[in-house]
Each structure stands twice: as structure tokens, then as C-alpha cells.
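Each chain carries a letter (A, B, C and D) given by its place in the written order, and its residues are counted from 1.
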Amino acid sequence: MDLPILIGSILAASPPILFAVLGETITEKAGVINLSLDGSLLLTAMVGFVVALHMDSVIAGFLAGMVVGSLIAFILAFVSMTLYQPQVATGFVLTLLCRDLAYVFGKAYAHIPGPQVSHAAIPGFSDLPLIGPILFDQNPLVYLSLMAVILVWFFFFKTQPGLLLQGLGERPAAAYVRGVDVTAMRYLYTLIGGAIVGLGGASFSLMVKPGWARPYGIEGTGWIALAIVIFGGWHPIRAAVGALLFNALQTAANLLQSVMPDVPTQLFSTLPFPVMILTLLLVTIGNADWTKRVLNRLPEGMRRFLIRTLKALQTSPPASLGTIFKKE
Amino acid sequence: GEKKKPEPAKAPEPAPFVFGVVLVGPYNDHGWSEAHYMGGKYAESKIPNAKMIYVDNVNPGAKPGVTIPQVAEDLISKGARIIFTTSDDFKDGTLEAAKKYPNIPFVNVSGDHAWKEGKDYKAPNNLSNFMGRMEYGKMIAGCAAALTTQTGKIGYLGPLINDETRRLAVSAYLGAKYAWTNILKKDPKKLKFKATWIGFWFNIPGQTLDPTKVAVDFYKSGYDVVISGIDTTEALVEANKMAKAGKKVRAIQYDYKEACKEAEEVCLGVPYFNWGPAYVKAVKMALENRWTQYWDWDGPDWKDINHPDTSAVGFVKSRGLSQENAEKVDGFIKGLADGSINLFKGPRQFQNGKTYLKEGEVATDLQVWYFPQLLQGMEGRSK
Amino acid sequence: MKVELKDIHKRFGPIQANDGITLSIEPGTLHGLLGENGAGKSTLMKVLSGFLSPDRGEIRLDNKTIRFDSPAEAVALGVGMLHQDPLDFPALRVIDNFLLGSPREFLLDRKYHQTRLAELANRFGFRLDPEARVSELSIGERQQLEIVRLLALGVNVLILDEPTTAISTQQRESLFRALSQLTEEGKTVIFVSHKLDEVKSLCSKVTVLAHGRVTGEAAMDCPTKELVKMMFGQVLTVGKRCEVRLGEPILELQNLSLSDWRLEVKDLSLKVQAGEVVGLAGLEGSGQQLVLRACAGLLRPSAGRIWIAHRDMTGRPYQDFIEASIGYMPAARLEEGLIAGMTLAEHIALTERGPSLFIDWTMAVERASQRIREFNIKGQPTTFVGNLSGGNQQRTLLSLLPSQPKLLLMEHPTRGLDMESMEYIWRLLQALTQQGTAILFISSDPEELLERSDRIAIFFGGKVRMMDTCGASLFDLGESIGGKGFE
Amino acid sequence: MNKEFIRRIIPLQIAAILLALSLSAVILTILSISPIDAFSLILSGAFGSPAKLAYVLTAWAPLLLCSAGLLVTFAAGLWNIGIEGQVVMGAVFATGLMRILQDSLPPSAVLLLAALAGLLGGALWGMLVGGLRRYGSVNEIFGGLGLNFIAGSLTVYLILGPWKRPGIGSTSGTEPFPPSLWLPGFKDFQASPIEMILGLIAIASVAIALRDTHFGLRLRAVGMNMKAAFLKGVPVDQDLFLAFGLCGALAGLAGWVLIVGTSARHNLYPLISSGYGYLAILVVLLANLKPFWSVPISFSFAAISMGSLQLPLQRQLDSSLGGVIQGMLVLSVLVINGIRSRWLRHEG
């Protein structure tokens, strides 16, 4: 198929993972790891669909998804920041718990046709050459998710609260000196992040894979979203690129299957995952101690180049990610 | 405790005859498993005081570490007197269970362990197999697809690749090709038929291709009709989305009579299994203690392929199929019925050019059941 | 703005950090706060700047009693503090650090604030590139940024806690110029330091603290001797260790160059012989820790060589240094020295080297109780070291050092110990030196340095001066720690 | 130990269990099912008949092995989520070896070698995670996850590709191994003592290793304070590698059990790890990293998993309810734990 359409279809599938990645980026920017993403996505997808079905309104569905998403985030925040229990452990438990809850409560709603957000081409623009099918012949959620990316970027880097948010994750003590109530703010951003993740879950069940089933077919996506946050270096735009890249990989896997008849299909279906690790490797390897030593042995020109590329790729987390702030 | 009052004597009603069914997916998956569930229900309704008990979602994803012998034990302890295991995935477990409980009849659906002529005959006497000749259903599906497509491009959303799935994909292709060349009288070169295999019967993220994505890519790249070969409904759901977005696309479902209900106007129809009669037969044999091992491969009842009591496979048209095409499809079915159309008749070539059927040669059951390779003219992988 | 502190008390567990401190500072003056380590200076300033709330006592600004519950409130009321290492955001850019938390507007107008930053900086002759990442700045520049930021927030009282420990001389000059300029503008500056000459040259008035109390106030014309007396009390110790027999060289540093993100030590050469005790003096972060860690193989020198017992150990992994029988004792007890969740016996077993797969617990317990006796640790072999008192943790740390090391490298070996145990520990250590162990130790206690070491390497902003303790007086040491003789 | 165990742990565990049960009860009520009914169903499903008990024990064995492995990595402060993949690779290696040797060697020898192969496979996969962490500074959580996915698709590939069975190659798995290659069970009690004994031995030896060997002590030191451990001369990197390897090996052995176990499926099939690894993580968290506790807890988890299979059979309920209860248990322990250390300590 021709490129614009291809890209268009990649964008069309992207909103859920975009929202998930954005939500987690916000949470982690504040210094909190919400590991429960995989479960959250499933549960919010299920709830979103069920509510939308009963109230016959996708809006209600999305709201429900966001509420549940932030509810999960709240449990995480409370257990880790108020009860001082390990954040990763809590997140992991929540992942499995939410997944099973989704299956238990969703059982009665499998394969029931329900409401879904319908496609909305933007008249006039949609049949522009090239960018038409890519940008303007899409589902409202696609527009929304892309706008959200810009919005979050703007919030992070162009507004005072965004700056405070960065400080929160970088050095809570210093943020506190500048008059930020660290714990309260972390709660807030954890909840917001959770809500956006919930939006992502709901946009699975109300747009990309309308309905509910078991297996629903997004199992595992949350983990990838978490990895993409790292790849994205906690920067919304770069994270968005990562998300799209992952979708592109999946599409590539389908197309390649017929192009390379000798390679077993399973290799294609799994392709995105090793690639994910590889990219992680690329962005983190710069932090490994031995790299510098090796690089120093290399000839000048090559070293320069390698160092520059590594620097460009390298990402490092908010300095206080996952640590709990207690003021003296 | 308090004393029990003597209860008024009732007419002793006969104890129900319980049969157990093991489902691989959810009983309400609108696909393979639900078709079997309905089959069981049908048997309940036809045989006085026959009662079905079932376990669904028997797959390592949903029920870690659960094996067929274990489920069988469970069902038997609940009073089951015959057990149906309804997946190719259960063939080994069923064999083991059958050996473990020699006086409980077992029926493994879609297996071949009980086929004396087959390549894999090793079943004990209490184990039988049955399967429906879905080939015909798929031919009809292919025909409907070819009649409907505007672009001349038909996508086949395949599960994993094996003999069964190959023969079904091929059947769909043969039906399509017949409709294209003999009914529409179009240039065979203009027909594209492409199979993409996701790698399993349903989506397992990270281990299969995402059927939703495969469907999207089919539609986006001009394949306006997609025939689903998997147990779940992604193709239809996606077609529905596309249609809502104003694209003229269609899907063909699989397995379950009601599968089109999710979006009737984009569904051309569904080739489905009507397991009821087969269940009745097996339960009756067990009930009347005249069990003998058998291997059934039941076709449609050509008098009425949708007859609930006689036809093992059928095809229900859906609103997505235009009136005139519907008539053409009926014609095609008639042709199949009276034998004037036999698509498993030579000459047929494999993808690699080797001969499958020589001129005039008609394929034997063995040749159809164990289908080694896709046919020439089909796009997609054979292994 | 006039600052008055009345009868401030602050207690940390057993330690009375501030014990009824009262002082008042006139507006528009530069007031010095002197005192040895642990005197209570930082605590007092943290109280004044809202980090700590006093147990007792009141704070008055311009004759109004006020109390604040957070640094932010203090800043709002005009009191800002500049910390030893600035509380800023290394990962962010200068301009963002400047903005973070300052204006209440929602949207950031970087252009406008850049100009503000620029002109403020220029007024004090600071050079700050608004686009640079703070992590790339030197400590000095980061201080400048903090000062500018606080001033932009309208601070009237500026507190600097030992600002000059880690900055270059030029930066110090420009800092001092800026401070005097501030006082001329009527702002009040409180300058915490150990460095007599700085205080003398800069401040109009000093208050001296010792053990949480005010031990004296003086105008700047008072002679240095007086100040030293106020700081260290009467006793003017003189180095005693004169004639010690020294063995063959154990540690040799050849033109060693080291650096970390805040300062660098250049071209240091040093030879330590068997049985010798060398003290590393200097204010925290003047380079002594870099050198010590380099000798332990924890820090790769950027140039030069390290020899231990005639073996070139440069660039070898830490393990090899241990093989070469060095003993290293870090300062941070519970961060680097001990494992809070483990018992004494487990620590002993952990340091055991041996082929055996299994731990011989009876022996470990035995060894533990032996060490407990030897170092009179108040605890059982089964107590978790996290539950030991500070001093006992220190003893434990010492007790875990290898028994017959060639070279002992210790950071603050007796920090938190009372006089007797200090005496006792040093007797043990000197017994080791008799058997030919060489000792390198960091201490912030001038008396200890003078009494215990044969030579003292005095560090100041990365530069090193050797000093022979024999006959040297505490006063000389105090002065050179304060930077005398480094220009 | 004993006194504080009576005073602290017991009340904690009980409170947690009560909390978890009441939370699950709430959920059941929402689903309009009587909690009593559901719980008793699960119980009868687990212990209703000898055969059922046998299946509980069968599920218990791999759970024990995985828990044992995780006790090691957790002791070193590592999050070995890659354990699922390590189970799979153990199964893959064991299968591979058995396919090669089953006709040429006596069964017992094949079984033994297969066990070693399983150990090896798991260990390699585990070390791979360690390698990514050490030399790529890829967090072990993500390294492990990626490798899980890869291991999964590798099995599917092997099953449909190189190890395709004669006749229909299908996802039902590779050709099952003959009963001679099954672990011996009892006549009418389908659980092999060998599996359980292996599991218990694993836990016991891990417990001893962590308490009484230098390696174990070093690991715990690294887990509690890596920096201090390093300064005390602990070869941190090497020990972490060993930890991953050890955990992988035990997980691999679990994979072997899943192939040759008495009432296993006796072949390699997709998703063979069946979530035992993740479940074991919950077990070890719930056991508060205490080897002793992980024995009864893993047993009750096995019971819940198997017992909850009755829910769909008898009521229209999803068997994942078992997972919900298990998750609730761990979450409750975290909460109770937190409450205790946050508030109860202050008044004490």
C-alpha cells in the first residue's frame, strides 16, 4: 500500500499507546513510577466499554476509564507515598490484580456490539494529497491524542507549573525550598497520569478494538508503553515518536510476512519486542560505566562520532524517580 | 439439629444423562467455542433429560497448568458419562484421558487419532473424532467474496499454518476463483487472493500478529473483502469501523451461525459449523450403550445446507451481500449440491508449480485432509 | 532588615545543636559566624531560614516576631539561605533554575526573565549563560545563580553557609565584591565560615559559636588570636609526635591529578612510609577525600601514578587494592560503611575471606564478641548495626578494618566518639603503626590532626601544602586551614 | 526470632488475609454471588477429592521452584520479571534434549540430563537479563520482559517449525513424550512426589544458602546496601550474575517439571510457563521474602488457582477470580505492613 495510507493507518492505531505513554511520562516526571500500566490499560478498557454500553455514550465511557485509571494511580500513590511501601512491588501487584479484575467483570460483556467513536474526516483537508490521508482523514481521538502530545510538551516546558513538575522529579528537596508541597503535588500528578492512561485504555475499547473480549489483544502493551517512556527520555514528543515507531514496527511485521517467505511468521510477530530492547539498549548504554573506557581507546574521529550519537540517544530518568520524599 | 419431617413420596424422576464439553475459548466468543456450546444446547433440547456441563477457556493463557485429563476428571466427578474435547489443541490430552478412563467415551473434535486410514491413527476404542466439511462453507464464502469485491482483491485472515487451515484457505480461494472466472467471466489474472497468517487461533500479543492490524492493513491497501479464518471477530469489527468511516468494505465471519450479528450490514455471511446433530449422535450412542469408535467428517445437507437437524456445515448470508449476488451464491450452492461444480478436481497446481491434481483427478479425503501446500494463484505462505 | 535571634534551642536526639543562642544583626551589615565543626552554625542558620523550627526561642525581623514553617515562607518574608552545595536542579538550564518557583505567572516569559537575570548578574559582575545546564557549572557559578535568584525574589537577609569551601580564588573575589555591594544597598548578609582571614577581611562583626553556645562577639579590629581562642577554647595544643622510626615507603603518589564535578587536585606527589601517620586537613570538600579515595582505588586518577608497597596500582580495580592489604574506612557510616539491616556477626562473616562455602557462625559470633570487647561496642553480636548508637556504629566501623593492613585510609576515624574512646582507638591504631602500618586519615578536628599525625597535608581548594606537626601549634594549623599561605 | 514472629508476623498475616477476603467478598457481592458460596467452591475445588488435591500439588511444585529462585534475586534486590521466560527456556532446552536422546538412552538417564538441560536453559536466559543490566544498563524489569516475549515466540516457532509433529503441525504442541519419560506417580494419585520434593529441597537449600553461605550473605549485603557491600570487598557484579543464573536455573527446572511432570501435558506448547513465574513473584512478596513462609503460601496459591477452576464450571464466573484473590492478598499485606510501620510503631 502507498506510504501516506500506511502512515495514516499507523496513526489510526496510535491513540491508546500515545495516551498511555503520555500519562506515564507525566507520572514519572513527578518522580513516581506507576508500574501498573499493563493492568490499568486492560481494566480501563473494559470499564470504558461497559459504561459506554450501559449509558450508551462514549463520553461516559471515557470518563469512567479516566476515573478508574486515577483510582488505580491513587492506590499506588497511597501505598507507596503515604504507607512507604516499595513502589515497584505495589505497581506490579496492581498490574496483575487489575488484569484479573478486568477479566472477571468483563466476562459478561465479551463480543457484544457497543458504541464506538466514529471516524471523522476533516472536510476539505482530508483529500489533500499526501498529508490528507495521514492527518485529516482520521478518528477524533487521533486528533485529540496528537494535540495532547503538544499540550503536555507545552505544559512541561512553557509553563510555571510544568517547571515545578520537573523540579519535583529532579530534586524534591530543592522543589520544597521553592515552596512546593512535594507529596501533595506528586499525588496530583500521579492521579492525572493515571487518568490519561485510563483515557488510553478506553480508547482501545471504544475506538481501536471496539468492544471487549478475552484475550482482548492488548495484553502486554502496557509494559511496552513503560519501555517507550524510557526510550522517550521522559520527553513527550520523543516518547510520542517512540510510540508511533512501535506501531510502525507492528505494521511492518504484517507486511514483511509476505515479502520474506522463508522467515517464519512468529519471528515477525515478535519483532517489535527485541527491537524494543535494542532501542532501550541504545538509549541506556551511554550510562554504563565501561562504555566511556572503551570509547577512550577508539581513534579520535570515530570516538567523537560515537560519543555524539550516544549523547543524542542517551536518556536519563528524573534524578529522584521512585524515591520517597520525607522532609526533615 | 432438628428432626427432618418425612417428605411426601415423589415419582422418582430419571437421573439426567450428563455429557461434558471442554471449550478452548470463552463459551460466548461468537466463534468456534460458542458454536460448540450451541451444539451442546441443541443436544440437550433433542434428547430427553440429557444435560450438558462444560468448562470454557481451557488454554494455558486463561487456565495455567490445566490439562485435559484434569478437566475430564472434574467433569466425570460431576457425573459426565461422555466427554467432548473441542479443539485440535486437545488431541493429546484427550488421548491420554481416554486411556485413563477407558469406559468413558471421548470425542475429540477436528482430530484424526480415530481415523483408521489416517496418518495418525492411535486412538483407543473409547475415543472418536468428528469434524465438519467446512471446505464447502469456505468455497461459498470465497464465492460471495469474489462476487462482491470491487477491487478484485480478497484478503484471508488466517490463523496458524497447518493442514486444516491450508485446506480451508484453499477452499475459499477455489470458490472465489470459480465465481470470478465462471460467474463474473473476469480475467483470472485480475483476481488477487492473499492469505496472512497471524500465528494462532486468536491474538496473543507478542506471539501472534495483531489480527486487528492485519485487517486494517488489508482494507487500507485495497483488499475490500476479508475472509476470517480465526476464532475471533476482529475482521468484522474492523470492517464495521471502516464502513462507519465511509469505506465500502466487507468481511466474512467464521465458525458461528450468529457471528454476523455484531455488524450485519458489513458482513457478507458466515460459513458455520452446526455441531448439534453430531453431538446428538454421540450422546445417543453413549446413552444407549452402543458405543463404537468412529471418525466422522460430515458435510452439508445439500437439500438444505442450513437445516439445523441434518446439515453439519452451513452458510448464512448477511445483509452485506447484495440481492443479486445472493442469488448468484444460491446458484453456486446448487451447483455444489448437484455435483456440477467440484472444485477439488484437477487440474490443480501447488504454489511451487508441482501438480496437486492431474487433469480430471478428484481429490481423496486423505488428499484434502492432509493439505501440504497452498495452490497456485494464491498469495501468502504455505508454511 | 534587622535580624534578632532570641534564646534559640535546637536538639537532635542526644545532641544539643543550639543551646540558647541569642544574637542580633544590624541592617546593612555583613555579619560573620565562626565556629569549629559541629559548633551549631548551620543549625542556627537553618532555623533562621525556615528549614528547621526551633524547639524554643524566637526570631524577630525589624522588631516583629515572626515564625515560618518552610523555607519558602522565609524567603517570602525576606530571608534567603545559600547552602554549602546549592539546592538547585543540576539537570535543568540556568534560566529555568532562575525561574523555577519564582514568578507566580502561569506562562513562562523566558525572554523577559533572561534580561532580568542578565542585568542582575552583571550588577555583581557574575557571568551566567542562561542556556547552560546547571550540571555544567562550577559550584561557584551555581552559588552566583542562587544569589541572583534569591535577590530577584526580593530577599533582604542573605545567609551564606561556608560559601568559599569549594570555589576558586577569582570566584571568591567576585563573591566578596558582590556581598559588600549588597550591604551598601542596605541588605543584611550573614556569612558562616571557619576561615578567619576571610571573616576578618569581609565582616564588620563576628559571632563565635562553640558547642551550641555563643562564646564571644567581636568587632573586626580584634586580633586573630582572640578569635582562635573563642573558637577552640584555651587549649592550644602543640604537635607531640616528633621522633618516629619510619620503614620503607608504603604509599607513593607521583604527580597525581584527580578531579570530580566540583574541584580538581593537580600534580600531587606524596610518599608515606611504614609506621607513618599522615593527617589530611582542610575544610570539607577541599580535595582530601578525592586523594584518599584515589589511594583506595575508588577513583581513577586523570594523570600520575599510585604505588603501594612498590607495586604500580594505577587504574587497578578496588579488589586489587584490597588484595594489596589496604583498609578503607568511609565517612558515611550507614550509607557506605555499614549495612544497617545486618548484625555485627554478619558483618564479621562478610569481611571473612576464605575458600569455605559455608559460614562458620560460631566462629563469626566469637570473633564478633571479641571485637565488641576489643572496641567496647555497646551491643551483642546479634544486634543490627542500624540500631547501634552513632558512636558504637563508628566503633563497629573501626573494628571491621583488616587486622594487619599495610595501609589504612580513614575518613573521620573518630567522628562521634567521646574523649576516652577516641584516646583508646588511637592507642590501637598506633599499636598498628608500630608493626609498620601506614595511616592516612581525614579529620576536621584540628587537635586530633596535630596530636595524632606525623605530617599533615593541608588541602585548600584542591591545592596541597605539607606541614610537619612536630612543634606546630593549633593556631598555625587553624590559619593554614583557613587558607593562609596558599595564594 | 520466634517471639517477634508470634508478636509481629502472625497478626500481620492474619489481618492481611481478613482484609483480602473482605475485599474479595465485596467484589463477589458486586457480581451478585454469595462470597461463602464462592469460597467454599474454591475450597472443594482444591481439596474435594484426592485427584483434585493431586492437581493442587502438581501446580505447587513449579510454584515452589520459581519462588525459590526469586528468593535469591529478591535477596539481591533484583526484580527478575524475566522469570517467565526462564521457565519457558528451561522447558525448551529440556524438550530439545529429550527429543535428541529419548531413543538412544535409558529413560531415567534422559530425564536426568533433561533436568540439567532445563537448569542450563533457564540459567542462560537469566544471565542474559543480568548481562543486559550490567553491560547495557537496561533495567532488569524491561530486559526480562522483552526476553519473556522472545522466549514465548521462540516456542511457537519451534512447535510449528523445526519441532513440528508428524501429521497436523498444530499449536497443541510438539509430539508428546511416552509415559516412560514421565515422572513416576502413584497408581491413582496423579502427583509425583519427586516434583514436590524437588521444590521443597529447592526452597530449603535456598534458605540455607542465603543464611549460611558466604555467597548468600554477600547477596543479602548487596541487596541491602550495594555501595557498602562493594566497599567491603564484595564482587558485586559477579554475584548479581550468579543470582540471575541461579534463579534462572531453578525456573528452568520448573520448566522441566512442566514437561515431564506426572500430570503435565508432556510436550512443549505455547505459553507453557502458564504465569507460574508471575504468581511466584506474588508468593515471595506475600511471604515477605521469607523462605519458610513461601512454602505454605505457594501451596495455598496453588490451591486457589486450581480451586477457582470450579467457578466457571459451577457458576457463570471467570476463573481469574482466583487471581483477584491472590492479588488482593499481596496488596493487603503491603497496606497492613505500611500501616503497622507508619502508625503502630509511633505509639509503641
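We adopt the following convention: contacts are C-beta pairs under 8 Å (C-beta built on N, C-alpha and C of every residue); 3 or more make two chains touch, one makes a residue touch a chain.
Because the structure is predicted, anything quoted here is derived from the model rather than measured.
A.B. asks: Which other chains touch chain B while also touching chain D?
C.D. replies: Chains in contact with chain B as well as chain D: A.
A.B. asks: Given the two chain pairs A-C and A-D, which is bridged by the higher number of C-beta pairs in contact?
C.D. replies: Of the two interfaces, A-C and A-D, more C-beta pairs touch across A-D.
A.B. asks: Central chain, going by Cα centroids?
C.D. replies: A
A.B. asks: Mind checking the centre-to-centre distance between chain A and chain C? Centres are C-alpha means, answer in whole Å.
C.D. replies: 44
A.B. asks: Can you compute the centre-to-centre distance for chain A and chain D, using the mean CA position of each chain? Integer Å is fine.
C.D. replies: Centre-to-centre distance between chain A and chain D: 29 Å.
A.B. asks: What is the distance, in whole Å, between the centres of chain C and chain D, each centre taken as the mean of its C-alpha atoms?
C.D. replies: So the centre of chain C lies 49 Å away from the centre of chain D.
A.B. asks: What is the distance in Å between the mean C-alpha positions of chain A and chain B?
C.D. replies: Comparing mean C-alpha positions, chain B is 38 Å from chain A.
A.B. asks: I need the residues of chain A touching at least two other chains; which ones are they?
C.D. replies: 103, 107, 214, 220, 266, 269-270, 273, in rising order.
A.B. asks: Note the residues in chain B that touch 2 or more other chains, in rising order.
C.D. replies: Counting only residues that touch two or more other chains, chain B contributes 57, 61-62, 161, 199, 204, 206-208.
A.B. asks: Mark out which residues of chain C touch at least two other chains, giving numbers and ranges.
C.D. replies: none
A.B. asks: Mind giving me all the chain pairs that touch?
C.D. replies: A-B, A-C, A-D, B-D, C-D
A.B. asks: Going by the contact rule at the top, pick out the chain C residues touching chain D in the complex.
C.D. replies: On the chain C side, the touching residues are 298, 318-319, 322, 328, 330, 335-342, 346-347, 349-354, 356-359, 361, 400.
A.B. asks: Within their complex, state which residues of chain C touch chain A.
C.D. replies: 51-52, 70-73, 75-76, 87-92, 96, 99-108
A.B. asks: In the complex formed with chain D, which residues of chain A make contact?
C.D. replies: 35, 75, 79, 82-86, 88-90, 92-94, 96-97, 99-101, 103-105, 107-108, 214, 220, 223, 226-227, 230, 264, 266-267, 269-270, 273-274, 276-277, 280-281, 284-285, 287-288, 290
A.B. asks: Considering the complex alone, what residue numbers of chain A touch chain B?
C.D. replies: Within the complex, chain A contacts chain B at residues 1, 5-6, 8-9, 12-13, 103, 107, 110-111, 113, 116, 118-119, 121, 139, 208-211, 213-215, 217-221, 250-251, 253-255, 257-258, 261, 265-266, 268-270, 273.
A.B. asks: Would you tell me which residues of chain D are touching chain C in their complex?
C.D. replies: Within the complex, chain D contacts chain C at residues 212-215, 217-218, 220-221, 224-225, 227-235.
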